[in-house]
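In the two complexes that follow, chain A is the common piece, with chain B as its partner first and chain C second.
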Partner chain A sequence: MSLSARVLDGDRRALARLLTHVENDDELGRIALDRLYHHSGTAHLIGITGPPGAGKSTLVNELIRAYRAHGNRIAVIAIDPSSPLTGGATLGDRIRMTGWHSDPDVFIRSMASRRYGGGLAAQTLALAHVFDAAGFDPIVMETVGTGQDEVAIADLALTTILVQAPGLGDSVQTLKAGALEIGDLFVVTKADRAESATLARDLQRLKTLRQGDPPAWDPPVLKTSATRQEGIEDIFAAIQRHSDWLIESGERERRQRRIAAAEIAAFVQAEVLRRADVNRRQSHVVNLIEDVAARKATPHWAAQRLLETPAFREDSC
Partner chain B sequence: MADSAARPIRVLVAKPGLDGHDRGAKVMARAFRDAGFEVIYTGLFQTPEMIAAAAAQEDVDVVGLSILSGAHLALFPPIMAALREAGREEALVVAGGTIPKADIPAVTELGIAAVFGPGTRLADAVDFIRANAPTRQDEP
Partner chain C sequence: MSLSARVLDGDRRALARLLTHVENDDELGRIALDRLYHHSGTAHLIGITGPPGAGKSTLVNELIRAYRAHGNRIAVIAIDPSSPLTGGATLGDRIRMTGWHSDPDVFIRSMASRRYGGGLAAQTLALAHVFDAAGFDPIVMETVGTGQDEVAIADLALTTILVQAPGLGDSVQTLKAGALEIGDLFVVTKADRAESATLARDLQRLKTLRQGDPPAWDPPVLKTSATRQEGIEDIFAAIQRHSDWLIESGERERRQRRIAAAEIAAFVQAEVLRRADVNRRQSHVVNLIEDVAARKATPHWAAQRLLETPAFREDSC
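Here is the complex of A and B:
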C-alpha cells in the first residue's frame, strides 16, 4: 500500500514518514501530494506569529487543550530557524506542548525554516495539505519568532493570530506598519504582568485611528495568561467567530484563492531560482555576472537576458 | 526510492526520567546543530512513551538519550520497547551521560548503538551519527 493510501487510512507512522518526504520536496513527496491534494481544503488553517519568546508555543499548547475539549483532531506545524552558517537547527517548540503523547488526535511536527525566510519554511503549506487530507482540523502553523515585517503567514492562513508580549517597547511600536496589520486576532500574552494592560490598550487604540468605513471584520484584542490558565476560551471563541465570518462573508473562498495563488507563485519562484542556479556556471551567464560586477551592465538588464536564454526557458538544465 | 543525499539528518535529543541535569544534552544539541543536523530537543523529564511519540511524529533518523541519574538500566529497556511499539525500530539510538563502563555491554545489548560518556569529543559523536544514521526506503 502506498504512503498516501496509508495516510488516508489513518496510519500515523505513514503520515510522519510522508511529512518528511514532502518537507524534503523529493519525488515521492510530490507524487503523494499530487494524490492527496484533492482530499484537502476543508480544515481551518490557523497561523500564529509574533516575536521570539512572546508565548506562541505556549498559546498553541493551550489551543490544543481547547480544541481537544471540543473534540477536534488538531495538527501543529511548529517552525524554528535554520542556521545561516551550517543549515542546522534547534527545534524546541514542542517542549511547550506536552501531555499529548498518548492522544492519537494530536500531531505535532517541528520544521526547520531551511533558510526560506518570512518566518516560514518553503513546504509549510504542503505539510498542512497532508494533515488536512489525513483529517486533521484545525491545522495550526506557528512561525519562527518574527519581527516587524514577516507577514507571509497571512498568505497561508485563514485566521492569523498575532501574538504580542508586554515589555517590548512603548506605544509608538504599535503605530508601525507591517506585522501588526495582518492580525485577524491580537493576543496579548503574559496577562499576569502589569504592562500587559498598557499593550492591550495601545493595540485597541490603534483600531480607533482607522480611517473610512468600519472594517468587515474587527480584529479583537484578547489577553491571556498561561500560568493562570486565563483567556483561552475567549481566544477559542474568537477563532470560531472569525471562521464563521469567513464563511458567511465569502471571505473564506477569497482567502483560499489567495493561498492557492501564493502557493503557485512560490513554486514558480523556486523553479526560476533553481534554473538560475543551474545556469550559473554556463559561459554566457558567467559573462553576464562579470559585466554586472564590472558595472558594464545593470543587474536588471542581465536578469532579462538570463530569462530570455533558451536553456533557461526550456528547462534543459 | 532513496532520500536525497542533501537532506539534513534529524535527531531527537531526549532527557528521560527524573534527572534535571541537561547541560550535556544542550551541549550535544548545539554540536549537532553546528554539524548541520536538525535537532528536536524534548526538554526534561520525559517518559519512554513521550520519547517514542516525539520520535514517531518527528520521524527522526536518530534518537540521543542523555541520562545522568544512574537509572539507564531501568529506563532504556522501556524506551527501546516504546520505540519499537511506535514503529521506530530502524532509528539509530545512541546514549550519553554517566553510564559506567561495566554497564555498556548491557546497554548495547538493548540495541543502543553507541555510548558517549564524559570526555567524548563532540566531533566523534557527530562523525558516528553521520556514518551510522539509517538510509530509509519507502514505496511511493
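Here is the complex of A and C:
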C-alpha cells in the first residue's frame, strides 16, 4: 500500500511520515501530494495571525478544545519563522505542551522553516492539503504576525482571524498596512484586563476605515479570556457563521480560486528563482532570466511570456 | 519630449513624477519603465535591514554623507510596511528630516506601500531601475526588518547589510531564520554603548554557523557610532570591497540573474493572483487556476505548464 493510500486510510504514522516528506519537498512527498490533492478541498482553512505575545497559541489551544467538543478532527500548522538558533519553544511546542499528543484526532505540526516567500506559502498549503485529504477539518494555520506575513496568511486561508492583545504598546496604532482589510474576525485576548475594552472599541472604530467594496461580511470584534475560560464559544460560532456566509455568498469559491492562484504562483516563484542559479542549462525560463538580467528584455515582458503561452505545444499547432 | 527621455536627461521634476507613475503602476509608468529598463543595471544596489530601533535610518543618513563626500549621486528607497493609519514618521521622513532635500544629487523616496509579497518586490525594483537609469549610484533600499522581509531584501540587492544594535533585548538570539545567511556586511550600531562589543563578538561567532558553501566572501562585522561619528568610512570601504569582490568572483552576474528572476516571479505572482479574481474571462491562466481550485489539476502541474511552454506559439509550429 502506498504512503498516500495509507494516509487516506487513516494511518497516523503514515501521515506523520508523509508530512516530513512533503516538508522536505522530496520526490516521494511530491508524488504522494499529487495523488492526495484531489481528495482535498473540503476542510475549512483558518488562518490565525497577530503580533508576538498576543496570545495566538493560547487561542489555538482553546479552539482545539472547542472543535474537539464538537466532534471535529483538527489539525494545526504552526509557521514559526524564528531562528533555529534560538532553541526556544516554537509555536507548535507551546500548543503541544498543553497535552494534545494523546488525542488521535488532533495533529499539531510545527514548521520552523528556513524557506520564505513563495516557498513558505507552498509548503504551508502542501501540509494543509495532506491534512485535508486525511480528513482533518478545520485546519488551523498559525503564524507569528510580523512584517507582511499577517497579510500573506489571508491568501492561504478561508477565514482569517487577527489576534490583538491589550498591553502590547500601542498595538492598534501599529497594525500593519492591510492587516485591517484581511481580518474576517478580530479577536481581543486577555479580556480580563481593563484595557481590552478600549482595544476592542478601537478595532470597532478602525473597521469602518476598511477600504474596498462595501462589506458584505461585517467582521465581528470578539473578546476572550483564557484565564476566565470565556469567549471561545462565541469565536467558534463566529467562525461557523463566516464559513456559512462564504458558501452562501459564493465567496468560498472565489477564495479557493485565490488560494489555488497563490499556490501556483508560489511554485512558479520558487522554480524561477531556482533556475536563476542553474547555469548553462538552456531552457525557456533560463533564457528569459538571462535576457532580463542582460537588459535585453524587461521583467514585465518576460512575465507576460510565461503567462500568455498556451498550455500545450500540440494544442496550438 | 517623453517623461522617460526627460528622466534620462537629468530632469529631477520629471523623475519625481515618473516615480509616482511607477509606484501607482499605471500605464504611463509601465511604458516609461519599459523604455528605461535597458538603461539600468550599472548601479550598485544596497539592501539595508534589521529590527526596528537598530538605527537603520541613522546609518543610511551617514552613508548618504559618505557617498556624497566621494562624489556619488545616491538614491534611497525606504520601504515602510507600517500602517498608513499610524501617522508616524516613515523611514524616509526620518532620513529626509536630516536635510538632504536641498541636495540635487540625493533622492529619498518612501514607499508606504499597501502592496506586499510579489507586488512589494516588483515595486521596489521598479523604482530602483528608474533611479539607476537616471544615473544614481548607489541605490539604497532600506526596510524595517520584521518577519521574513529581511530575508526577501537579499533577493533584490547586490550587497545586503544586516544592522543590529545592543539593547534590543536578546537581539542576536532572535535573528530570523536565514538572516545570518543573507548578510554580506554586519553592522553593529550604537558602538558607544558597552554592550556593543558583546554583540559584535556574538555575530562573529554566529557567522561560523552559516550554512551552505564554504564562504568565498567572509562578511565583516563592523561597528559604528553616529553620536561619535565613528565607523562609517570602514563601512563605506567594506561596501566597496564587497562590490569589487562581486565583480571579480562572477557573483555579481549571478546576483543580477537572481534579481531578474525575483522580478519576473513577482510579476507572475501579482498577475496570477489578479486573474484569480477575473471571472468568466477565459484565458490560459484563468483555466489553470480554475482547474486547480476544482481539484482537476494539482498546483505543481499548473506551475509546470506555465514554465515549460515555449515563448512563442509561432516558434514551435
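Everything below uses one rule, namely that the second predicted complex is superposed on the first by the 237 of 317 C-alpha atoms of A that agree within 3 Å, B and C clash if a C-alpha of one lies under 4 Å from a C-alpha of the other, contacts with A are read in each partner's own complex, and residues count from 1 in each chain.
Note that in this section a residue touches a chain if its C-beta (ideal position, glycine included) is under 8 Å from a C-beta of that chain, and two chains touch if they have at least 3 such contacts.
The model shown is predicted, which means the values in this text are computed figures rather than measured ones.
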Touching partner for A:Phe107 - first (chain B), second (chain C), both, neither: first
Partner chain in contact with A:Ala66 - chain B first, chain C second, else both or neither: neither
First (chain B), second (chain C), both or neither touched by A:Ile264: second
Partner chain(s) touched by A:His21 [first = chain B, second = chain C, both, neither]: first
Partner chain(s) touched by A:Thr98 [first = chain B, second = chain C, both, neither]: first
Contacts of A:Arg12 with chain B and chain C, given as first, second, both or neither: first
Between chain B and chain C, more extensive residue contact with chain A: C
Common ground on chain A, meaning residues reached by chain C in one complex and by chain B in the other: 82-83, 86, 88, 112, 114
Interfacial residue positions of chain A with respect to chain B in the complex: 2-3, 12-13, 16-17, 19-21, 24, 26-28, 31-32, 82-83, 86-92, 94-95, 98, 100-102, 107-110, 112, 114
Interfacial residue positions of chain B with respect to chain A in the complex: 1, 3-4, 7-8, 10, 29-30, 32-43, 47, 49-50, 52-54, 56-59, 86-87, 138-140
Residue ranges of chain C touching chain A (in the complex, touch as defined): 30, 33-34, 37-38, 40-41, 81-86, 88, 112-114, 116-118, 120, 122, 125, 144-149, 151-152, 155, 173-180, 206, 209, 253-254, 256-269, 271-273, 275-277, 284-285, 287-290, 292-293, 295-296, 298-313, 316-317
